[in-house]
Amino acid sequence: MSDYILQFLISGITVGSIYALVGLGFTIIYNASDVVNFAQGEFVMIGAMSAVSFSIAGIPLIIAIIMAMMVTVLVGFALNQFAIKPAKGASVVTTIIITIGASIFLRGAALLIWGKDFYSLPAFSGEQPIHIAGATILPQNLWVMGISVLLVSAVLWFFKYTLLGKAILACSCNHTAAQMVGINVGKMMLLSYGLSAMLGALAGVLIVPITFSSYDAGIMLGLKGFSAAILGGIGNPIGAIVGGLLLGILESLGAGFISSGYKDAIAFAIILFVLFVRPSGLLGHEHQERV
Amino acid sequence: MNLLRVKHLEKSFGGVSAISNLSFDLPKGIVFSVIGPNGAGKTTLFNMLCGFYTPDQGSIIFKKENAEQNKEVIYHSLHNMATHQIAACGISRSFQNLQIFFNMTALENVMVGCHLQSSSRFLPSLLRLPSVIKEEQRVKQQALNALAFCHLDHLANEMADSLAYGDLKRLEIARALASKPKLLMLDEPAAGLNDTETQQMSHLIRKICDSGVTVLLVEHNMELVMTSSDQILVLNFGHLLAQGTPDEIQNNPVVVKAYLGEDI
Amino acid sequence: MSSSLLKISNLSSSYGPVNVLNKLSIEVHAGELVALVGANGAGKTTLLRCISGVQKITSGHIYFSDKEISHLSTDQIVSCGISQSPEGRQVFAPLSVADNLLLGAYSLRKKTLKTKEQQTHAIENIYQLFPILKEKQAHSAGTLSGGQQQMLAIGRALMAQPSLLLLDEPSMGLAPLLVKEIFSIIKKLNEQGTTVLLVEQNAKMALSIANRAYVIETGQVTLSGNADELLGNKAIQRAYLGHSL
Amino acid sequence: MKRLSGFYLLSLVALILPQIFPDNYYLTVVGVFATLHIILAVGLNLLMGYCGQISLGHAAFFGLGAYSSAILTTRYQLDPWLAMISGMVLVFIIANLIARPILKLKGHYLAMATLGFGIIVHIIFVQTEALSGGPDGLGDIPTLSIAGWAVDSDIRWYYVTTISALGTILLSLNLIASRSGRAIRAVHGSEFAAQMMGINSNKTKVMVFVFAAVLASFAGSLFAYQQNFVSPDSFSFFFSIELVTMVVLGGMASTYGAVFGAILLTFLPELLIVFEDYEMLVYGAILMLVMIFMPQGLFISLGHQLTQLKKNYWPNKKPAGDQQ
Amino acid sequence: MRSKIATLLSITSLCCSIMISSQVYAGDTIKIGSFLAVTGGASFLGDPELKTLQMYIDKLNKEGGVLGKKIELVHYDTGGNPKKAVNFIKRLVKKDRVDVIIGGSTSGTTLAVAPLVKKFKIPMISLAGSIKIVEPTQKWLFKVPHTDRMAAAKVFADMQKRGFTKVALISGSGGFDKSGRTQSLALASKYNIQIVADESYGNKDTDMTAQLTKIRASDAQAILNFGFGKAPAIVTKNIKQLGIKLPIYQSHGVASKKYIELSGDAANGVRLPAAAIVVANELADNDIQKKVTMAYKTQYEAKYDQVSSFGAHAYDALMITLKAIKQAKGVDKKALRTAIERTQNYVGAGGIFNMSADDHMGLKEDSFKLLEIVDGRWQIVN
């Protein structure tokens, strides 16, 4: 029984790490611009697909990954510049439709570029499973978890210890005051989109050896990442990570112990329940309205 | 004859006290102003009176029945009632930051104010039964009257978002009046108005009071407060600083100090 | 006229449908402490927001050191040497006190506050002015009391080493004792050479430390002169408490 | 009656068109979908456009209606009309149960909760194979008949769904111009001010939510009878998004806007077929461009432009006329 | 305000009427309609199917067409969505007035349009797998691919031969997967096999170890996975990751090179039933299907990438249709339908077809080959 649970946890944490990374991407953009970017999953897909393409073209893996990140960051910049910025001040629903439009557009573009096939990268360091206390894990899973931890730490470090990170945070908590200390808010927005896209791209590169990728792989990941961000409390980076891991573990335990067919339903039912009890997510702050 | 009674009211936000041990009586049929420097707790008091905030301590008692039935005076505690229930008791208000329904015409805004004065329900409305049509006409007339009372009848069919600021201020009052309140709370009705508009507002407040509605006023424009009020209550740091007629308040050294500060 | 550090002529601005400033003109000379007094809603805060470039102006001009800054963006204006402690403090609540101060010097990150040492030194200077902030440097700004937040907001504005400091209602919501402390610090800053434009509701207090003052009512200057002269002026009381009956 | 002049015109056009173009594919096949979408979009618009509460799970109620009809008629041989009403009652109950906790949420949290609800319902459709037929769907659903008149041809379906859609539009127009409708809009305009006017905002939101859900269930039943077949794919999260897009693209808080959006988004894919592989690209670009440049929605923005044009046109004309 | 709305509405209706184009009646071409899942989750079916149809129709037209008439292909992409399929059938019949229909790619889209096919009385050959399409037989509906029941039978027969009695089943949530699962559950006892675990996953899931952990804990002797797309590859990899040493069986849903490519080493030893086309090269020279499969393979691969069994279904459907047209000497729908029903001894890429009034598929179980993946290549198991 205990090795059951360990195995479920391993699988839950692997999947959850990805959700957390995507959720973190949502959070960064939300903080910078109050926009929930439904094209976040497309960043993951573009990152994965371009890494595969570069790799197939014979570019060494590590350089291919860096190039894929750069491509995705450019897409992030473009999204901010051409879709979000011109629509400044639009209502929540309108921005939701805009980002959904953007995600369909990007998916359409990916379809033209890469076709409908599935693509994969070789695992970074072989496929020989590692045994831990009756459970097994693939080296790539360790890569996913390890790099996720690294990335999350790097993002948290960036926000906590660099002036630039602090400046972005300052923008997210008070636009006016941030302007008044001389921060160029528009530039910070652009940076946030780039950062978020980069995170997505890395997530994509990490998982493509395990889960493969195709032009429409972003939908599900975007959806789960959004759920993670909301579950944790949107706007809180730690919340997104907690939400992502929790969602991954819930799915895996649900599949393991209750019913694999209903596992997504179980996960969403729990999210609903959490929201009913805590309307601003697990770690979110309740906003006091002013009249 | 008191309309509203506030007893030992307390409210704090995150450990910072906004209102502390506040008690006062609000007599019926007058214009009663609450003044005080910024952050004195005026808006917090308003928000508790209309149920947006729940007090930490104390009670707010509102006399529900008409004075004619004063054989037996029934007070209604507002404590812990939902805002719409409080509204149903006969309290209405305007807002410091405009809370106009910008997605409607001026007339429709005021017709919303008639919500409590009408009773058509969901299903009959869908089918627009004759009873609904009849009531619609009555409500429309009532709303037009309220608009006329506030000199807005010529703008009845304009969309609210195309109205001038001064008109919107009066539109809020017309909307509040349409619900036929016994107590009307006005939160900074003259803020952002020019001199002439402020004058008109002053007249309007008097007219409302003369029509039998008790007015509770929060206002920064002292000119307006001093000329329109019957009684003034001064708050400072959530405490009651003074209470009296405009004359008394203006010459109260404590009040003067609270407003102008003191020399170092 | 060339001696004026800040010159505002015929400035108008509106907030949504409301005209808040109406062809207002004021002037601040280098080294002065000028107070803007007036009742709530007179347009004082809007004026400061216009100077900082946060608020759009509808007409008029703002000159700083003889250079027109009306069309610059806020970060450019800050780089010119104007910094503001905004109304209601507006500290970055989740960030620590030290980070708030550090961000205050954001405009100097590529100039005089490039290195860690320079930054620490600048922050130490602020701590000398407000020792309580040093004690609380690791706390997040949101947990500070109102007075401490006010000091932090002023300190943050000072970090930009401005040639003109804009202070918006530094006494708002503070207990009398604290108000005195804050004002004495403002006085000290001015004596050390910082030009200050102070917006205050607490007229007596403001006038007692200012060199000159403008009384603002409904978006226009209704009275101006030396602070001492205005202090005894009945008109001020009238602006605040209405006409005597 | 002036209030309904647009409605009468619309009805006239809708009912005359098939006389001119009988048995036309776009009218009687795509048109039927458009009218079903109108019912859904008009209902959703009451909730989203007028009441300001987003729902990314509306397809669930559409599906519940469709499956109720499908299951009750095929597995339990219930009369189609009875099955339709049973579906609406079921949806009424479910919507009432979930509306209270869900509508306490705001903004993106509300979006998440409705989305989650939609996905859960969709999974149930897929998984309860014994009842729903699973992903393969459920076929051989009987068609409706109205007093012996079987609705068994495209043109007949066109009339049935068109009249249903017109009815829905009429209900929506009536509601909006009534006490309840004003309460709904007031909650959107300013929830607190609405409460201050004595409106129970929670109850109002629940009412609209339930009404929109029951309308969706009604449309779902029609859909099941018209297709004679249901499968979970038609009620996925993508369809919920499509419905939201109809409302927003057409123009929020306008019944005609929702109608316009529904028609447009039903025909758009038919027209974009010519783009083949580029279809998705073009569709996404259209969505983005419309929302960026006409955040009010096409119908309302175009309306403004028309009035502007008219304003520019008339002033020149009138003085000229006077001179003559 | 109101008149503005009125203006807008009239413009809308005007647009509608402009769109309503006049319809062309063409007497000198044969119109074949098709609706395939060229995009979406099932695009790996629809894409080669469409390519095959286009390629052969082009070729035929160059060679002079059929009965002296050119063939015109009218195709719509369903994206695998049944609602769209219903629409497209109506469009094909009413607007395009096609003579015969080939499609759809998935069972869901096929079953959705079945009532309409009956109503419109138009012959249609489906390219989808579910047994429900031809059982019970519907007058106008045919199909060419092997059924999921045949696949399950082929797999179980092999299991029985190897002496397995306890089998773990894992399947996806799509129509193909679910239908395969149902058939497997129904057939197992016939082969003395007990299903000891019955797990499922979402087709877009990225990890199935939780389900497989449960299977590992069961006393199964073999694992059968019914699914298509990328998920079976993930299942295969996950099985290896968990160190499960049980023999793996897949369905014909993964009979493509892509599966081997995605699964890598983990695919070695996996067995699955598949059409002869997949192993055309390996077929014995005297195999009756050798010629036709090699011809199709060469044709297809000259123009596109790797051949798959799905494109081959389209090939079979097209050839059966053309034969029937020739036999019926035209495109009279009734005659055409009867001709299709009388297809006998047609040697296709998928097997040898012998249709009849109560068999609208015409394939026997032996038309499936059992394959094993050895060193990343297909090998026929005898």
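When the chains are written out, they are named A, B, C, D and E in that same order, and each has its own residue count from 1.
Just so we're on the same page, a residue touches a chain if its C-beta (ideal position, glycine included) is under 8 Å from a C-beta of that chain, and two chains touch if they have at least 3 such contacts.
Everything quoted here is computed from the prediction, not taken from an experiment.
Novice: Note down the smallest number of touching-chain steps it takes to go from chain B to chain C.
Specialist: Graph distance in the chain contact network comes out at 1.
Novice: From the centre of chain B, which other chain's Cα mean sits the farthest off?
Specialist: Comparing chain centres, E lies farthest from chain B.
Novice: Looking only at C-beta pairs in contact, point me to the busier pair out of A-C and B-D.
Specialist: Here the pair linked by more C-beta pairs in contact is B-D.
Novice: Report back the single chain whose CA centre is most distant from the CA centre of chain D.
Specialist: Between chain D and the rest, the longest centre separation is with C.
Novice: Using mean CA coordinates as chain centres, what's the chain A-chain B distance in Å?
Specialist: 48
Novice: Find the geometric centre of each of chain B and chain E from their Cα atoms only, then give the gap between the two centres in Å, rounded to an integer.
Specialist: Each chain's C-alpha centroid was found; their separation is 71 Å.
Novice: Based only on mean CA positions, could you tell me how far chain B sits from chain D in angstrom?
Specialist: 40
Novice: State, to the nearest whole Å, the distance from the C-alpha centre of chain A to the C-alpha centre of chain E.
Specialist: 35
Novice: By residue number and range, which residues of chain E touch two or more other chains?
Specialist: Chain E, residues with two or more chain partners: 39, 173.
Novice: Got the chain B residues that touch at least 2 other chains?
Specialist: Counting only residues that touch two or more other chains, chain B contributes 52, 95, 99.
Novice: Which chain D residues sit where two or more other chains touch them?
Specialist: Residues 126-127, 192, 280 of chain D touch two or more partner chains.
Novice: Okay, in this complex, where on chain C does chain A touch?
Specialist: Checking each residue of chain C against chain A gives 52-54, 73-75, 78-79, 83-84, 86, 90-95, 99, 102-104, 106-107, 109, 156-157, 159-160.
Novice: Within their complex, state which residues of chain A touch chain D.
Specialist: Touching chain D: residues 36, 83, 86-87, 90-94, 96-98, 100-109, 111-112, 223, 226-227, 230, 234, 261-262, 264-265, 268-269, 271-272, 275-276, 279-281, 289, 291 of chain A.
Novice: Please output the residues of chain B touching chain C within their complex, sorted ascending.
Specialist: It comes out as residues 16, 37-39, 164-165, 168, 188, 191-192, 194-195, 220-227, 237, 246-247, 250, 255-256, 259-264.
Novice: Can you list the chain D residues touching chain B in their complex?
Specialist: 171, 174-175, 177-183, 185-186, 188-190, 192-201, 207, 211, 253
Novice: Of all residues in chain E, which touch chain D in the complex?
Specialist: Residue list for chain E touching chain D: 2-10, 12-13, 16-17, 19-20, 39, 76-77, 80-83, 86-87, 90-91, 94-95, 107-108, 111-112, 114-116, 130, 132, 173-175, 177-179, 182.
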